[in-house]
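We call the chains A, B, C and D, going by the order they appear; numbering starts again at 1 in every chain.
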Amino acid sequence: MAWTRDDMAARAARELRDGFYVNLGIGIPTLVANYIPDGVSVTLQSENGMLGMGPFPYEGEEDADLINAGKQTITELDSSSYFSSADSFAMIRGGHIALSILGGMQVSEKGDLANWMVPGKMVKGMGGAMDLVAGVKRVVVVMDHCEKSGAPKLLKACSLPLTGAGVVDLLITELGVFEINRGKTPVRLIELAPGVTLDEVKAKTEAAFEVAL
Amino acid sequence: MAWTRDDMAARAARELRDGFYVNLGIGIPTLVANYIPDGVSVTLQSENGMLGMGPFPYEGEEDADLINAGKQTITELDSSSYFSSADSFAMIRGGHIALSILGGMQVSEKGDLANWMVPGKMVKGMGGAMDLVAGVKRVVVVMDHCEKSGAPKLLKACSLPLTGAGVVDLLITELGVFEINRGKTPVRLIELAPGVTLDEVKAKTEAAFEVAL
Amino acid sequence: MVDKVKSTAAEALAGLLFDGMTIMAGGFGLCGIPENLIAAIRETGVKDLTVVSNNCGVDGFGLGILLENRQIKKMVSSYVGENKLFEQLYLSGELELEFNPQGTLAERIRAGGAGIPAFFTKTGVGTLVAEGKEVRDFDGELYVMERGLVADLSIVKAWKADAEGNLVYRKTARNFNPMMATAGKACVVEVEAIVAIGELDKDGIHTPGIYVDRLVKGAVFEKRIERVTTRAREAVGENAAAGVEI
Amino acid sequence: MVDKVKSTAAEALAGLLFDGMTIMAGGFGLCGIPENLIAAIRETGVKDLTVVSNNCGVDGFGLGILLENRQIKKMVSSYVGENKLFEQLYLSGELELEFNPQGTLAERIRAGGAGIPAFFTKTGVGTLVAEGKEVRDFDGELYVMERGLVADLSIVKAWKADAEGNLVYRKTARNFNPMMATAGKACVVEVEAIVAIGELDKDGIHTPGIYVDRLVKGAVFEKRIERVTTRAREAVGENAAAGVEI
């Protein structure tokens, strides 16, 4: 039984530490906020210009001036602060965010990440993804282990244009968890999802990896 | 009858235009605020981080948190705003200040200005002077025409270390007014103080200049 | 005294527009966009615009209405995914597009306004973004050189202003507006309210009036929301009996 | 939850000081200086400090007390004219000094905090400041490359804070404090008041809590004024009869 999307989010949430300032990407990373461990208090940054993101508003209480980086209506907390996008990315680029959790299309054994464009398709843009992977202290990628076609996504080298080179610290898929360490050390498989075999992971992975379960 | 310090300040004040944002240096330039022409409204910037400087406070109303770049106690106006020194110098460097009036030790016919250090003496530092002359749109220097020794200060080339190269637009001394135009055109004497002769100015000036009275 | 306050968006823009110009437009998605000024620009028909803006509105709202009217030649953005017409114009070659990482775009604009012609950043090293740009090693790490960005005109949306042009933004509607206010040769601002001079907190002014050339109170603010996202009210249970409003 | 609030300046600095370290200290002249933290640093006797600060206090107050105690090896400043002991130590070779133009210093610190290792500026081109640095032509103008600046510790003075570390500065006491808060590997802040979370205007926070590691309410604020400058009350005339207070 591989992990569900929520299992993956819950696993990613175990990377949070008390007092962390964190940026969560769109998709599964957004679900991480639902699994923050007890006794751990984290502050969520939204790169358009906010620290201390609260939950979605109740119906009828939406504020057009208060959205997150996914352009969704959100709320503020007592501890929130607002700032410009230049100040927000100064925070990101300057290494002040402890952890970023984001989605991926491909990850390489060198720690490269591709998640913003597919040649031949209309490119929507990288938004803040390149800044986040370049600037945040620790980058965790959460993605499906394979393409819908079955092609592996943890590769020797990414074939898609990169979002960042040597930027991924940890990869979480439905099959398990890989330590990538920005490509500074060999990739290590450190956890398997329940019921997933090493053989299955090997069959579905192009990158070389060590096993350290 | 050469100009007094107040005459020089009044002449410098004629460079002000309605709506100008202006930075005034220490010494005679500070006096310029007393001679702002009728119908002209200007906003004074203080480079430590304020727009809209008011007059000195009444005795007993000094605020330690409210000083100008000369470290003097000042007051605020209804229209004032405060900002960081980084934002203040972004304003200066970015060319948003229309006019800076400051003192000088030497000015050259190439528009160079020296006003921050004398080799062999203890150097106190350039403070914001280099930023102001490099960034402000128009730079007016107000200084004595000669050293106490009688040596000229409007020179072919400055002998003192520069504050900026090719930065002076206009020079006002007690003898008259010189268009320097950042050294892009020959220096032109455009005004004489009352009772001052051209011969006197020529005798006391090393720089070549054209006469355009 | 110079009067910065104009009575209509059209008047605030009068004499500032010309074909082929570069305009910076504040906003993130549809949040904090100068909707009244955009509408006025559409009315003038000025064309061949290069527009610097993080996004390009949606079909029928925000910068999308300038696309519809074929007034935009080129966009400089970080993300343009919300707009069908954009895709169509781009794929047919009618629209040029330059992508910048969002933080690089924000910093390029800040740099432009601050008199900084170029700076180095880690963002984009080893990617398409760094191609053709100088990459340099500082203390063992690679950085790419990016250029400051200025525009002929910046159009900005703020919440409140005084007649001096001091501006305050509200919540995440601040986004790109403060930097853009500094990086236009001219800067025109629309606000929801013009308050008396002295009413704004002098320590809390986001954009000092020096950056603002003209100011207009917007006629209408639709403030459309791109993605309304809400949560369910908590299960009612005992509280309902206690009369808690649902 | 991590508790940033400490009860004394000494406690706020505990474990962060070491000989030979670099410290950034906020303030302009004596305005907005972290006087309680400076006093606590003096008590520890930590030495061979490189101190980045626009000025170096005066004899007997501000950073001047670290000079007296011979704890400073090097100053990075823009102006140091207010201090006799400084001159004496410098001329005798006991003190190193690096001058930066004030705006270049401010921007270097902002860059350091923002992950920008270098930027170009017109300031100082053609002067001693540009010697040994890269000078480059952008669009026909010359600019000098300056490096971002970071420190082991920044000590900051703000007016108010909440327990999250959100900071508000007052009037021109803001000066170098906000940038320095971003550029220290650790950042310790002293404030005049700690208010309840939620009490600060969320649109008006100058330094978000992310930058603040430790926080202390200062025990005493002398807030000495360097140059008291006043004006005469207007001539009294008829108003005196009307009872205007002089």
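Basically, a residue touches a chain if its C-beta (ideal position, glycine included) is under 8 Å from a C-beta of that chain, and two chains touch if they have at least 3 such contacts.
If you're wondering where the values come from, they're calculated on a predicted model, not measured in any experiment.
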Note to self: From the centre of chain D, which other chain's Cα mean sits the farthest off?
What the structure shows: A
Notebook entry, point to check: Where the centres are mean C-alpha positions, what is the separation of chain C from chain D, in Å?
Noted result: 32
Check: Taking each chain's centre as its mean C-alpha position, how far apart are chain B and chain C in Å?
Finding: 37
Check: Roughly how far is chain B from chain D, going centre to centre by Cα mean, in whole Å?
Finding: 27
Notebook entry, point to check: Out of chain D, which residues touch more than one other chain, so two or more?
Noted result: 107, 110, 114-116, 121-122, 169-171, 174, 202-203, 206
Notebook entry, point to check: Residues of chain A that touch two or more other chains: which are they?
Noted result: 76, 82-83, 89-90, 92-93, 135
Item checked: All chain pairs that touch each other -> A-C, A-D, B-C, B-D, C-D
Next item on the list: Spell out the part of chain D that touches chain C in their complex, as residue ranges.
Entry: 107, 111, 114-122, 138-139, 141, 143, 147, 168-171, 174, 201-204, 206
Next item on the list: Within their complex, state which residues of chain D touch chain B.
Entry: 28-32, 54, 77-82, 87, 90-91, 99, 101-104, 106-107, 109-110, 121-129, 159, 169-179, 206, 223-231, 233
Check: Inside the complex, what are the residues of chain C that reach chain B?
Finding: 1-2, 110, 112-116, 162, 164, 166, 182, 197-198, 202-203, 205, 208-211
Notebook entry, point to check: If you look only at chain A, which of its residues touch chain C in the complex?
Noted result: 46-50, 55-59, 61-68, 70-74, 76, 82-86, 88-90, 92-93, 112, 122-131, 134-135, 161-166
Next item on the list: Give every residue of chain B touching chain C within the complex, in rising order.
Entry: 18-19, 21, 41, 43, 45, 51-52, 76, 78-83, 89-97, 135
